[in-house]
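After this come two complexes, each holding subunit A, first together with subunit B and then together with subunit C.
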Partner chain A sequence: MRTRSLAQSLPLIAPVHILILSVIVVPSIFVIWLSLTKSSFGQAPTWVGLENYVRVLGDPAFRGALWNTVVIVVFAVHIELAVGLAVALLFASGLPLRRFLLVAVLAPYAVSEVIAVVMWRFLFDPDAGPVMLALQALGLPILDWSFEPTHAMILIALLTIWLHLPFTFIILYAARLAIPGDLYEAARIDGATPLQAFRRVTLPLLGPAIVVALLFRYIFAFRIFSEVWLLTGGGPARSTEVVAVYLYQEAFSYNAFGPAAATAWIMVAASLLLAAGYVLLLRRQVAGNAH
Partner chain B sequence: MRTSRLLIGAGKAVAVTALLFWSLFPIVFIVMSSLKPGQEIFAVPPVYVFTPTFEHYAALWSRWGVFFDGLLNSTIVTAGATALAVIASTCAGYIYSRGSGRFLNASVMFLIIVRLIPPIVVTLPLFPIVNAMGLNDTHIVLMVLYATFFVSLGTVLMRTFIDQIPRELDEAAEIDGAGRLTILRRVIVPLAAPGILAVAVFVVVFAWNEFLFAFIFTATRAKTAPLVISEMIGSIDGVDWGVLFAASTVQLAPVLLFVVLMNRYLVAGLTAGATKG
Partner chain C sequence: MTNRITLDMTRRGFLGTALGGAAALAAGPSWAAAKTLNILSHKVHETVLGTGTDNDLMKDWKAKNDANLVFTTFDSNPLQDRLFREASLPSTDYGVGYIIDNRPTADIAKLFAPLDDFLASAPIENYDDIAPGLREAMTVGGKTIGIPVRHATGGLFYNEQLLEEAGISAPPATLEELIEQAKKLTFTSKDGTPVTGMIMASDLAVFPVSFARAYGGDYITKDFKLLPKPEAMEKALATMADLFKAGALPRSYATTKNDDQVTWMQQGRAAFTMITFARFKQFNDPAQSKFPGRIKAVQFPKSSSYDGEMAAVTESWGMTIPANFADKDLAWSYIREVSSPRVTLGMARNGNGPVRVSTYADADFAAASPVAAAEAKALATARGAFPPFPEAARAQQLFLEDVQLAVLGRKTPAEAVESMVTRITPLLPS
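This part shows the complex of A and B:
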């Protein structure tokens, strides 16, 4: 019976695993080997040990790219979380036309990075962009994003927040809806102010959802490529490059597959580290709840 | 008391207006600009009342035939990737829901860990391999790539949705002599339809909009619509913003409509995917 059921099960799970093994796992392992060799198109690879890692980690362009990536991850993801949380609480406080508003907030989820770049590029066009004109009219400083790297980074961060706010919002809103209403009732009867109820009921119970949303967004923001590539191409003078753009340049512009592969594994290692931190946090939370 | 309630109401109204503006203004502005007559796109201050014209759509049609080829390629790739991902995830999700044992548990963990690998990593070895196999610039490469990067999430999602279907139903069917495939087709699929739709929403939106893989693995024959639009931006000195807005609107409209219609499944999928996967 058991062997029969395994024989019947395998063909059904096989397609998923064949796809993942052949497209993701085996190529990723191959990238480890690639990262330890020196190779480029049409050349036989030669073993160089950790030389590529040393070269990449010592490359000022890589360090700049890593710094930019970390800045985007730290700023964009946390601002996004704060806004997402505020919007989730706004929805939970009761709104008219809730379904319509929900769909409106979800809308950017449907927008391709390419189209988002078209939109934001025009909104922030120095000559005719409506946002630029509004900033000027209010006497505020404008974003000189095509020349000023910091301004370009601000625009990239805004763009990425715009694209991913729906995700963060939905995770937090669903978690907020799952908190039983009696808890707020009890807090109110005990004389808690709304702020106290937020700090003592909402925040602790949203903890796991916040951690999940943060983890997903850290990992995905760390891979950011299209927004940067299409908005600035990493320029001016590589000043807005992020790690994925650095990897792409090494591999496909300079044919340096070894350093590109080393960069790739640095990216994987960073994602694994983040996830390990997450598992640790969840464990601690579970242990904390048990007491 | 009354004034404080009024204040809260006013505060909420301001917050909701700001939120709507933030989410919808970029979309509305681009669609509106695609309908503005030539020079009014750059009018300072921006014009909000104008006589709509389809001149940019006509120009798009006559000058950018390659964009419409791109739309066709996007449609083919999206359909193929979605079918592949949905079928593979449903089959695997069924087994993961009903089965147990060390092997299955370990392989679920594996499915989750795989999601940590950034897509750009696999382009390095796949690029030469795809070239060597002569599959560069074909629909099939994109279909397989897009489906693969969603089958792990898809499987976990389908397992969650199938878990909610009572086992007694498949047991009853089994007593009646139905095999696994029959149970899957006749019992599971109809009842797990919301899950299937949730997985489909993810893959459709991703495949229709994806840029990185299309950029690396296609050149002319299988070029998707986002890639053609990126080339329109690329020719920035001579960029015709009107045509660019028209193309963006055409690319965006179907997927936006799809997300609006399927919003319930998208919300269900996002929630289940984040908590279980």
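This part shows the complex of A and C:
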């Protein structure tokens, strides 16, 4: 095979590099610069160094929002993974009306987040929501989400799980279908129980898919916005505010572009930190496959 | 016989036809207006100018100027954001932008063309007829940067039918009566609907500010004095918390929005609300409301313990010209027309809060709008919930956070007021 020189290769790879530079690298650098300045409408940006980062990290509202985000991400993503895995295994074990049920499971992913939240607001209306009325009729406790911050957080987590379950499910289901049937047959001949087959065959082989699903969901879930903004607006009294809502308020309500840009970079750092364990795991898996 | 369908067109023929067609279109007569004026506004600003050929209040202006109007509409906050963004660019295609009166700080005002020269060279008809308070709100550093076009002054709406069901013959004349009636009206109506005495949005300063003013207090005065009578704000918060505790405010108070107020009133789920008088038509529209003609309005009452004048809370909109827009004469011509007595009256008939005093004197308008008299009375002394300053939005957020905590019973009114003072004072202009 003939080796191309750099000069020959450059024109071929340049379009991709120009695209990445223009839509990712340059805006990122601009946001870094913005985070080091004080600016608003009608004001020329002035250099303030790391002041915006100090201010954001020292703001109790930001720390509250960060805590809420971490709680939602950790709970929602792992519950979503458990449910997604259970549903994927159920489908793989053979279900009647599989195609219809597949559409039903995937449907939430096709629904716009705004429509979904409006629908859930109607269903869980504290005074007239059908779900609330049904719970009351059955004598069960209701989700008092417009008053109790913990209940509001539970509803937000349930909504985000419902919305994003198809993503986790489809990754795990595809990975499960790729596991050869012979392995289960061999396990059965060796006398493995279904639980042992799951632990010794399914789980290890689904490992890479689970890590990929978790990693993506951790990063996506950290940006949670619509569910909170449209359901509670961050209330009551900012008790359910998440980092993306905090950022939105800084940028578009207070027009404080410096703190908003600093918040964006803190978000990136925090989400990568939170997902660091899974990133390392993925790296080890990739390195393991390379040998 | 063959089944093949052939197209007898050569490449040269196709290209020739395409080029010829394009040239004919380019050289041919223009069917659209010669000019286009792009406007950034809320949907309501477009709607009140009338729709359809017969009801279009700007029909004559369009013909005279050979211009078309293109509205780009947003909700209030995104609209302000987009307007300031457009005005910050080197140039913009938007000639007119609608601005809320509590936004133009000194920095923001720099983004818009001063209108004093236009007012001198091509004056607005009977300009002094526009309410002085509204004109003042659009004046920054002695320069006029906007012409008032709409005001939203709050009044107390009540469902007359529900009041009758509860044996109440007249709407409240004092704040104490309002509290008493709201508690009495927290009941199940004859048709089986659970009724809440009062509904108010928790994300707007207008409600706690109105309650505070009813006791002679305020939030931030025009000269940036925070809580001039802290005890009045404490009383206001205590009253609201009492209403919530008694169930006379909905359990969902903390997530209640402006739109919820409208639907709850239309459905008979709430007996009282405080909202702009301009909503009268919507509340009494048979197509939307279960109580057409039965939802009425009065001025928000003050406490019997307060002897002074109570200012209603108002919010007004003005029309601005971004300083970076090229054809300012066309934009000013639009503003002049919209501000004229004729268009102001026409917009008022379409549900706009009229900025001209003379509009309320119009007999036809007064007859068509039963709340016109109450609105005119409220407008006479009305002022904004707070004046514009760079950190006003952040201060409002902190204020509302403490109000919510007090109403929900998570802070005492005294703690909430103390917290407001501690957190909002550093944000005020020095």
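Here are some notes:
Here is the rule we use: the second predicted complex is superposed on the first by the 252 of 291 C-alpha atoms of A that agree within 3 Å, B and C clash if a C-alpha of one lies under 4 Å from a C-alpha of the other, contacts with A are read in each partner's own complex, and residues count from 1 in each chain.
Keep this in mind: a contact is a pair of C-beta atoms (placed from the backbone, for glycine too) under 8 Å apart; a residue touches a chain by one contact, two chains touch by 3 or more.
Keep in mind it's a predicted model, so treat the numbers as computed, not measured.
Once the two complexes are laid over each other on the shared chain, residue contacts for A:260 go to subunit B alone; subunit C is not touched. In the superposition on chain A, contact of A:127 is made with both subunit B and subunit C. Of the two partner chains placed by the overlay, subunit B and subunit C both lie in contact with A:252.
When the two complexes are overlaid on their common chain A, residue A:16 makes contact with subunit B while staying clear of subunit C.
Counting the residues of subunit A touched by each of subunit B and subunit C gives the higher count for B. Shared-chain residue A:147: touches subunit C; no touch with subunit B. In the superposition on chain A, A:238 makes contact with subunit C only, while subunit B stays out of contact range.
In the superposition on chain A, contact of A:74 is made with neither subunit B nor subunit C.
Residues 41, 127-128, 252 of subunit A are contacted both by subunit B in one complex and by subunit C in the other.
Those residues of subunit B that touch subunit A in the shared complex are 12, 15-16, 19-20, 22-24, 26-27, 29-30, 33, 41-46, 84, 87-89, 91-92, 94-96, 99, 107, 111, 113-114, 116-129, 144-145, 147-149, 151-152, 154-155, 179-180, 184, 205, 208-212, 216, 226-227, 229-230, 233, 241, 244-245, 248, 251-252, 255-256, 258-260, 263, 266-267, 270-271, 274-275. Every residue of subunit A that touches subunit C in the complex is listed here, in rising order: 40-43, 125-128, 144-147, 231-233, 235-238, 249, 252-256. Those residues of subunit C whose C-beta lies close enough to touch subunit A in the complex are 77-78, 81, 84-85, 87-88, 105, 107-111, 194, 202-203, 250-255, 269, 390-391, 393-394, 397, 401-402, 404-405, 408, 410. On the side of subunit A, the complex with subunit B involves touching residues 5, 8-9, 12-13, 15-17, 19-20, 23-25, 27-28, 30-31, 34, 41, 86-87, 90, 93, 95, 101-123, 127-128, 130, 133, 137, 162, 165, 167, 170-171, 174, 209, 212-213, 216, 219, 222-223, 225-226, 230, 244, 247-248, 251-252, 257, 260-261, 264-265, 267-268, 271-272, 275.
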